[in-house]
Amino acid sequence: MKRQALDVFASGLAPEVRDAIMAGTTRVLEKRQTTLAEDYADPDSLRLLAGQVRQHALDHLDRYLPLAESRLRDNGVQVHFARSTGRALDIITGLVHASGTRVVTKSKSMASEELDLARRLADVGVEALETDLGEFVIQLDDDHPSHIVAPIIHKTRRDVAASFARHGLGDYDDDPEVITRRARRYMRKKFLEAKVTITGANFISAESGRVAIVTNEGNARFGLAGADVHIVLAGIEKVVARDRDLPLLLSLLVRSATGQRISSYVEFVSGPRSAKQPSGPREMHVVFLDSNRSKIVGGEMRQILRCIRCGACMNTCPVYRQSSGHAYRGVYPGPVGSVLGPLLKDDENFAELSDLARASTLCGACGDVCPVNIPLPDLIARVRVRSHREGTVHGKQGVPPMWSYSLLARHPMLWRLAMRLGQVLNWLPLQHLPLSAARAWSGSRTLPRWRGGRFRRWIRSRPRDQDG
Amino acid sequence: MQTPERDPIQGRKVQLMISCLCDAFFDDAARATVEVLRQAGCQVTVPSGQTCCGQAAYTAGDWEACRQVMRHTAKVFPGPVPVVVASGSCAAALFHEAPIAFAGEPDLPVIQDLSRRTWELTDFLTNALGVDRWPGSVAARAVIHHGCHTRGTATRDAVRALCESIDGLEILDFPDADQCCGFGGIFSVSHPYMSTEMGRKKVADVLSVEPDIVISADMSCLMHQQGIAGRLGNEYRIQHIAQVMRDASMGRAV
Amino acid sequence: MADDRKTILDQLGASLSQLTERTPYPQFAADAATPDTLRGRGPVLFAERLTKANTVVVDTPQALGDFLARRDAKIGYCDPELASSLRPWLGADVELDLEFDRERVNEYAFGITRATSGVIETGSLILTDRDTSNRLGALAPWIHIACLDPAALHLTLADAITGLGDDPNVVFVTGHSQTADVEGILIQGVHGPGEQVCLLYDLALPEGPGDPDQ
C-alpha cells in the first residue's frame, strides 16, 4: 500500500521550514489566546453566536444574495455572477481588457487563488501585481501561499532577502525593516500606475451592500485610491445578513487571525468614489463566485461555508504545523481546507483531494478555536465517509479495511478467540508481517505484550461479576 | 464536544465496557476499573459479549461497518442499566459519534438511549455518584494526559479532581499539554511519520518534567506514547486512572 | 452571464429547499463583542485609546506645528479647507500643497485631512470619502494627520458600523500601517502611513454631511 501523500510530504519537509511554521503558528496562537482571555469572560459564547449568525445567512442565501446584489446595484456597483472559476476568470479578464490597462494591483484574496488569477492574467499579458507583502514575495518566487493569513509563514527573512535580491529590489539585506521599506517604495509606483485594482471581500452586507475589506498594510486602500476601476471577487458565502453582524464578526475575525483587537484598516466600500473625491475608482464591480458553493449550502457539510478565513484552525492543527500549507496541495490548507478543498471545485475533483481529511487525528483542537463554531472534526469525518463510499484511491491509502474488524466485533465468540490467538504477536516480528498496519506501527514504536483473554478469565473466575 | 445530558442513575448497578485495547493489552487496567467501581459501592457486571465500541470504523469513514458494530454493542449493553466505560474515547464514540453515524437510521432511538446512559469512568464516579475524594495515598510525581476525545467533556475535570484528592500524588503541568499525541486510532498507521513526530514531541514534553507515572483515562494514547518512548530507549510508566486509584486505596471502602 | 445568475440562484433555491430547518436569526445586542473593559465615554478616554492604538495625539494646532517641526517635516499635502486654520501654526519653512500631486508622492512628508468621527472602543479614526479632500493625501505620505472634532465620537464599533450612513468609502483607521509577514516581526509603515497622528481639536469648521450623533 502506498503511503498517504501528506505523510510523505511531511517527512520530506526541510527542518527550517517546519521550525518557521511552528514559530509562526505558536506566536499567533498565544496572541489570540491572550486577547480573548483579556477581553471576554466567555469567548465561547461569542463563537456560538457568530456561528448562528453565519449559519442563518447561509441557510437563507437564496434571499440574501439577491438582496446584496440589489443593494450593490443601488449603490452604483455593477454585479456579475460566475458559476465557475473559469467564468469568473473570463469576466475579470474582460473587465481588465475593457479598461485598457496592462497593470493591475491586487490585494490578498483566497478566492483569487481559486482562479489562479495573477498567473492567468499574466498569460494574457496583464501584470497583476500582488500588493500584500507576503503575497508579493510568493509572486516573486512563483510560489503558492502556505497559510491563508500569513502567506510566507514558511519562509525566513533570508529567503525573502534572497528573493528581493534576485528580482532587482536591491542588494541582499535580510533586515525585515529594509525589506518592508523596499516593498513600500516599489509598490507605490504601481498603485499609481495601475488603473484597475482587484480585491477580495471579507464580508458583503445584504442590508447596505457594503463590502468590508480588512488589512493591516494599507495595500487595499492605496490600490483603490490609485485606480479607476475596482473589481471585488467574492465567494457567494461572504454575504452577511445585516450590518449589525459586522461588529461581531470583525471583532472575532481579527482576534482569531492575529490576536489584535482590530486591524489597522477596515474599509467599508459601498460604491465608486463620491462625486467630489479626486482619488478612487469611478467604476466598481463585484464578481460573485459560486464554484459549487450553491450546492454545498444545502448538503451535510454546509457549515464549512461559515468560514471567515481567520486561519486559527490551521494555527492550532498539529498536522498542519508539521507539514505546512503546501502539503495540502489545494488553495485552502489546514482543517478548513481538508473539507472545503474537495467540495469546492466540483464533484469530479473531490477524489483528488479526498486524502486531506485522512490527515487528522480528529483531536478537535480546530473546532475549539473556530470563531464561527464550525464542527470541523465532524465535517472531516463526513468527508471520510464520502471518500469511502466513492472508493477514492487517495482516500484509501494506509487505511485498514473495516470488514474483518466488523466481522470479529459482531461475533463475540470469534472476538474472544482472536483475543486468545493474538498471543502470537508476542513472538512475531511485526516489521516483517504482510500487514502494512503492523509495519507502520512497529517502524517507530514498540507494542505492549499481548494479554488478550486474561481479563475475561479473571472475570469468569468471579461469578458474581459476570453478566446476569 | 460536550458531555451530553445523561439519564439520572437509579441504584448502583452498572455494566462495564472495558474497551478493546484493555481487552487485548491492559487487563490490569480493566481489573482496576472493576475494583474501583466496587469500592465506590457499585454492582458491576461485565457482559461477555462485548467487543469494541466501533470508533475505528467511524474514523475510517466506513459508517456501515461502524453501525454494525455499534448495534452489537447496544445489544450487549441493554438498558436501563448505565454503561461505564474505561476509556474517554470509547465513551465519546458512544455519546458523540454514534448519534451522528445513526442520523436518519430507523434504530437511532436505540443508539440515543445508549448515549444517554454511557459514562466514562471518572465522569461517572464524580458526577453520577458524587465521589469527590479518593482515599489512600500514592507517593508519586505524575502528569495527567487528557485524550483528545475528552476535550470539552466532564472527564477532564473529573480525572484532575480525583488525582488531586489522592494524598501524596503530585500532579505536574507540562508543556503543550493540550496538543494531540498523534495516536488518533487509524491515523497512527495511515500517517506513521506524523503520528510518530507528534508522539515524540509529546513524550519529550512529558519527560521534561520528570514524572514517575503518566496517568490517563485513555490507554490508547498511553500505548502509543509508551511505544514511542520504548523505541527511543526511554522509560515511560503508564497507568490508567483506575490503576492509580486502586493502588492508592488498596481496596479500602470509599 | 445572465445564465450564470439564474443557474446559481436556481441551484441555491434547490439546495436550500432540502433543509428541514433553517437557522433563525439569533437575538443579540449589536455590541455583544465589545469587551466590557473597552466601554466608556469622553474625549479624554478616546485620546488614551488613540495613544494605545499607536496614534500620536496632538490637541492644538500649535502642538501640531511643534510635532511637524520635531519630525523635520517640511513638505506636505493639506486639505484646502483646513489650510487657513492651520497655516499660522506651522513653521514658515513648511510648504503646503493644497492639491495632491501624484508626481510628488515621495516628497510629501505628511498629509493633513479630516476625519469624520472616531470610535472610543478601539481608538479608531473614521475617514469618509466626503470629508477626505483626497484619499491619497490620507494614505500615501509617511505621516498622516487626521483632524477630528472631539465631539464626533462613537462609543463602540457597533455604534460606528450601524451608523455608517451612505458614504461610499468609509475607512476605520487604527494606528499606522504595519505587517508581520516576515517571520512575524512587526514592522511599522508598509503601504500606508508609518505614523498616524490625530489633531483632536475643534477647528470650528462648518459641519459636514457625515457627522454622527454623539
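Order of writing sets the labels: A, B and C. Residues in every chain begin at 1.
Note that a residue touches a chain if its C-beta (ideal position, glycine included) is under 8 Å from a C-beta of that chain, and two chains touch if they have at least 3 such contacts.
The structure displayed is predicted, hence computed values, not measured ones.
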Practice prompt. Specify the contact topology among the chains shown, as one of line, ring, star, complete or other.
Written response: line
Worksheet entry | Greatest separation from subunit C - chain, by CA centre | B
Worksheet item: Between subunit A and subunit C, what is the gap in Å from one C-alpha centre to the other?
Response: 29
Item to complete: Could you please state the distance in Å, as a whole number, between where the Cα atoms of subunit A are centred and where those of subunit B are centred?
Response: 33
Worksheet item: With chain centres defined as C-alpha means, what is the inter-centre distance between subunit B and subunit C in Å?
Response: 54
Fill in: Overlap residues in subunit A, where contacts from two or more other chains coincide
none
Response to the item:
The positions of subunit C in contact with two or more other chains are none
Practice prompt. Quick one: which bits of subunit C touch subunit A in the complex? Just the residue numbers, please.
Written response: 1, 4-5, 7-9, 11-19, 22-26, 28, 30-38, 100, 102, 105-106, 122, 124, 129-130, 132-136, 139-140, 156-158, 161-162, 164, 166-185, 187, 189-193
Fill in: Footprint of subunit C on subunit A - complex, ascending
20, 23-24, 27-28, 38-41, 46, 49, 52-53, 55-56, 58-62, 65-66, 75-76, 80-83, 87, 91, 131-134, 137, 150-152, 155-157, 160, 176-177, 179-181, 183-185, 187-188, 191-192, 208, 210, 216-219, 221-222, 224-226, 236, 241-244, 246-248, 250-252, 258, 261-274, 276-280, 288, 290, 294-299
Worksheet, complete the sentence: The answer for subunit B against subunit A in the complex is residues 1, 15, 18, 20, 22-27, 30-31, 34, 44-52, 54, 56-63, 65-66, 68-69, 72, 76, 97, 100, 148-149, 151-152, 178-180, 182-199, 223-224, 226-228, 230-231
Discussion item. Under the stated contact criterion, what part of subunit A meets subunit B in this complex?
Written reply: 4, 6-8, 10-11, 318-319, 322-323, 358-365, 367-368, 378, 381, 383-389, 395, 397-403, 405-406, 408-410, 412, 415-416, 419, 422, 436-437, 440-441, 443-452, 454-456, 458-460, 465-468
